[in-house]
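What follows is a pair of complexes built around chain A, which joins chain B in one and chain C in the other.
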Partner chain A sequence: MADTVRLRIKRQLSPDSSPFWEEFEVPMTHGMNVIACLVEIQKNPVTKDGKKTTPVAWECSCLEEVCGACTMIINGRVRQACSALVKDLEQPIVLEPMTKFPVVRDLVVDRQKMFDNLMKVKAWVPIDGTHNMGPGPKIPEPERAIHYELSKCMTCGCCLEVCPQFNEKSDFMGAQIISQVRLFNFHPSGASLKEDRLHVLMGKGGISECGNAQNCVEVCPKEIPLTHSIGEVGRQVTLQALKDWFMK
Partner chain B sequence: MTEVAVDNSFYYRRIHSLLGIFPIGLFILEHFFTNSFAVHGAAVYNGKIEFFKELPYLFAIELLFIFLPLAIHGLYGLYIVYTGEPNNLQYGYFRNWMYLIQRVTGVILLFFIGWHVYVTRVSALLYGTEVSYQYMAQMFRNPVVFWWMVIGIISAAFHFANGIWSFCIVWGITTGPRAQKWMGKATIVLFLVLAFVGIRALLAFHI
Partner chain C sequence: MSDKRVVVVGGGLAGLMTTIRLCEEGIPVDLISIVPVKRSHSVCAQGGINAALDLHGKGDSPYEHYDDTVYGADFLVNQLPVKRMCEKAPEIIYMFDRMGVMFNRTMEGNLDVRAFGGAKFKRTVFAGATTGQQLLYALDEQVRRFTAEGMVKQWIGYDFQRLIVDENGVVHGCIAMNMNTMKPEVFPAAAVVVATGGPGYIFGKSTNSFINTGSVACMCYKQGAKYANGEFIQIHPTAIPGSDKNRLMSESARGEGGRVFTIKDGKRWYFLEEMYPAYGNLVPRDIATRAIFDVCVNQKLGIDGKNMVYLDLSFMDSDYLDRKLGGILEIYEKFVGDDPRKVPMKVFPSVHYSMGGLWVDDDTDMTNLPGLFAAGEVNYQYHGANRLGANSLLSCVYDGFVVGAAMPDYLKSYQKPENFDKLADKELNEVEKLFEKIYAMDGSENAKKLHDELGNMMTERMTVVRHNDKLEELLGMLDELKDRWNHIGIADKSRVLNQEAIFVKDLENMITLAKVMTKGALLRNESRGAHYKPEFPNRDDENFLKHTIATYTPDGPEISYEPVKIADIPPRPRNYAVDKEETKKMAQNKDKGGK
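Let's look at the complex of A and B:
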């Protein structure tokens, strides 16, 4: 008999219904990841005890850890299901939806809040105008290398899931947003919105809600220097506050 | 364009951070140092108490540089504790434990300093209690008070030292990981030194 993979999945059929657990057993294949296990369950939605059930819902897109859609809690640790290989995981593999975002169904959560916050801090380079703005300025190589690291953010939400300050009691926007503010403030054209961004981060849910637990940088799957960004943007808001107080 | 609600939490939080160093941190250094005179015995220690009693504008100094900063830092700190949801059992990283201990010591200190100020200062104002080496030694003879003092001293040393570490990130002094790591080590040394100085001063009353 071929090897099997045992899974324990926290399920929830609708945003308002209460969660429950179900166990599954699927055949193991070579190089299998957690997504492949979920595909097997979808093909044959029967629990370990032989009870017919609804297929487990999940999200995924790129399958190469660059989109963040399949982020979930796997054996107690938040990460992407596509890069979680079965051979590296203890069984039964426990799958839970992220806890800091509203559950849509099973392992699918609504991460809209992160995108709303990106809008709030104007995380873009303004290039639209009534006239041609010409080619963008050249960025020196050492700076570009840092930009690249920061630009790897895929808005997966791991940094927020592990942040003790990101919860329903505070409006903290979290490391992801602060790091994107650093990225776009860095950019020669993006810097034209620097003050706007810093003022948003000096408001409700801004950078001062950070408690420096530094879990974000530990779990970031793209190894983005998030705590470095928090320090840098901390310096930028300090200087901005001094400017607001003494030069305006 | 929607109106952005006026929110001063950034400034409150920065004031909280600043007060922790100036004047509270400086006061802790002075306080640990001055109480260390106890190692030279009752006469020297009581002499220092007399010196402080005779400071001009004493009440204003105590109010503006000790009492009010402590009250603001402590009460806003409680609010900060409330906004956090620790997850140390799931994510047991070193700095995450420091985050939790910073909050636990903060809450302990709110009670400890409240009691400490009452028995050594407020009771003198209200009931004319004579605060002296003998009074302190008498109090520390009770083992409950003695161990409560040990907890308070270690909590204060930790909270101040670790607070310097986060202060340096918050204000953008140590922005990079190397600087933060170095500062982490330096503040652990400061914690150990302060704890040593504080406990030694406490033990000086026990001989």
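Let's look at the complex of A and C:
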């Protein structure tokens, strides 16, 4: 039995249909990850009991844990399937789609909301244009190093999956957005939009809805210091609120 | 805002830079991508982006960059586009700097640079070892800004199917399929820009993402676009072999001082340093790959007799490594389980990049089909027979500027044809017919298994070493594979995100493109850059200083040639054992009839 991998996969054939479970057994190869297991199912879409079925749908692209596409729940933990190595996982390996986003099919969910929220907080530097205007602002290397860590966020959604405040009933935007606000507020020209961003975070779905559960930082695959970001942006929001009050 | 819309297919660096430039010109864009653009393959680029900023005051210049690129490309490249790209490079870095990319910096707060292969100057700007990701995010943010302003409409989860082409070969838009509903939709456009990256997945395991099938390029080729230099496939010397894909170990590891070695007679043998004293571990990729391949396959001196050599960083300061190379060290740790700060990494060459691609005009990036442009890895420009490391991010971004500059002129004279609806219906019908055929497939073959076979046969015969008899054999095998494609059985008939049906469509395109690459290789009886035939070990400028051009026919590719355009740099011998100035002297002496 050591030569096979057992999987239990939560399936759903369309956005409106009911989920169901199927079990599979695939041949094990050296250094195998969850993606390779799913590819094996594509090669032979038959369940453990010999029943013909459809191949499991899932999202993936880079397989190096830099694109964020293959995020799913593996043995109860949200993570990327590419870096989930079979040798480290208890079997049967249980695969489920993320629960905080609408299911498209099987393990594929629609995470568009995260990108929409990036738009709401204007997560960009408002450059004048792409024409030649010389170098950007100088940045001290130690500051650069801190903010580089924030810029590695791949919008995978792990932090949102485990956040008790991020759910269908609330508009809370979550740690990912707050951390990006910190990044762009830090940048000397990005800071031109600092007030706009903070005002968005002062409103509905903003930072005050954070329940301080701190689950986000535990699961971030890029080890982004999300709780520091929440703390830092929290201070910025407080100062902004005071400023708004005095300027009234 | 212009009333003429442009479709951009693909949201990697090239697609996004094109989109931004078009928006700046007031041209609204429909951006089509199979993945959210932030997940495009550009995220995988690690080491950096080249620009002769001469930040160390050593006398580097865009001309040196240009000369290194042409020399690295083994002269199979039109020189003017390369020259313009290298001249634009410093401005491109400054643009990213202004967009907020967290490039590594010096203590004064200036941009830091590091060494890369095939160059003697440090000219690679970088953001840790995730430079591609950081550049892509910067462009993604700017495109989001234009999306908020209404200039861009993003069609995420849409898969390009066919061009809408009229009887004169002019392109008027495309058909793309909403993958969630499997419904093809018509996208009318005054021009279409494909920026869909490389075809690495044709080789099964490569450093490419699973989405890099080359399928869109192949579709354009089938509809009349010429495909150039398809045989030039870059094999990156250092990757981690994996069961699902090979993961890149960036050239920046060697740029920062990493050393390649194997064990010979019980001692460490730094064979690159011994064979190429002038460039050492930083020889161009084709050279390093052939050396590693020779050591492992011919001399049987790989680690424990296996096809692997060591890439060593463990002698360097680990804080320094974390700051400069953190991203790739994490990848090695996560996927192999060893800490490269403590033990040497084990690596082997892997398919990495296609120098060849859709033929484009030197000045505009337009293909031979009016209204169809190609930007980024999907075109054949800039890299000739071998690409230098950290030039790909540059060329992707630069292409965005080329298309952005050319488009307003093209649109001025563009007119939507009166029979547009008829043209669109015809193509829509083709797509529907193809998918009806796929849904009805009930043979015994499995598409993923056929793809495994395709990858194996291509990797074995079309990578580091090529033999004519093996290439002939491969052409036959590809025909056979195409036959077997017709006998696929499909398990999934669903009209919701049917990944199997889409893959069956892509597989046929991959086989077709594989044949283009193979036939080009078969007919090129010389060795140049990444294309190496032991039967013809030398570069043959007299017969082959020319681009291979493949034109589609139902019976297979028709190959013709086009001369390489030389502007400033006469071809000279390529010898990385000595400095390049030495090779210039060698060429002069040869001209004088001396030695």
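A few points about this structure:
Definition applied: the second predicted complex is superposed on the first by the 238 of 248 C-alpha atoms of A that agree within 3 Å, B and C clash if a C-alpha of one lies under 4 Å from a C-alpha of the other, contacts with A are read in each partner's own complex, and residues count from 1 in each chain.
The rule is short, and it goes like this: a contact is a pair of C-beta atoms (placed from the backbone, for glycine too) under 8 Å apart; a residue touches a chain by one contact, two chains touch by 3 or more.
Quick caveat, the model's predicted, so the values are computed rather than measured.
Taken together in the superposed arrangement on chain A, chain B and chain C fit without clashing. Looking at the shared chain after the overlay, A:93 reaches neither chain B nor chain C.
Counting the residues of chain A touched by each of chain B and chain C gives the higher count for C.
Contact with chain C, but none with chain B, is seen for A:30 once the two complexes are overlaid on the shared chain. Judged by the touch definition given at the top, the superposed model places A:109 against neither chain B nor chain C.
Look at A:181: by the touch rule set out above, it reaches neither chain B nor chain C.
In the superposition on chain A, A:220 makes contact with neither chain B nor chain C. In the overlay built on the shared chain, the residue A:164 is in contact with chain B alone; chain C does not reach it. Within the superposed three-chain model, A:231 lies in touch with chain B and out of touch with chain C [touch as defined at top]. The three-chain arrangement built by superposing both structures on chain A places chain B and chain C 160° apart around the Cα centre of chain A, to the nearest 10. Once you line the two complexes up on chain A, you'll see the smallest CA to CA distance from chain B to chain C is 8 Å. The residues of chain A lying in touch with chain C in their complex are 13-15, 29-33, 35-36, 39, 42-45, 52-55, 57, 59-69, 82-83, 85, 104-105, 108, 111-112, 115, 118-119, 122-127, 129-130, 132-136, 138-141, 144-145, 147-148, 151-152, 154-155, 183-184, 187, 189-190. Considering their complex, residues 20-21, 24, 35-36, 38-41, 43-44, 91, 94-95, 97-112, 127-128, 130, 133-134, 137, 141-142, 144-145, 147-148, 156, 180, 209-211, 242-245, 247-248, 323, 327, 331, 334-335, 401, 446, 448-449, 452, 491-492, 494, 496-497, 499-500, 503 of chain C touch chain A. Within the complex formed with chain B, the residues of chain A that make contact are 76-77, 162, 164-165, 167, 169-170, 172, 202-204, 206-215, 217-219, 225, 227-228, 230-232, 234-239, 241.
Looking at the complex, you find that chain B touches chain A at residues 4-5, 7, 9-11, 13-14, 80, 82-87, 90-91, 93, 95-96, 98-99, 165-166, 169-177, 180.
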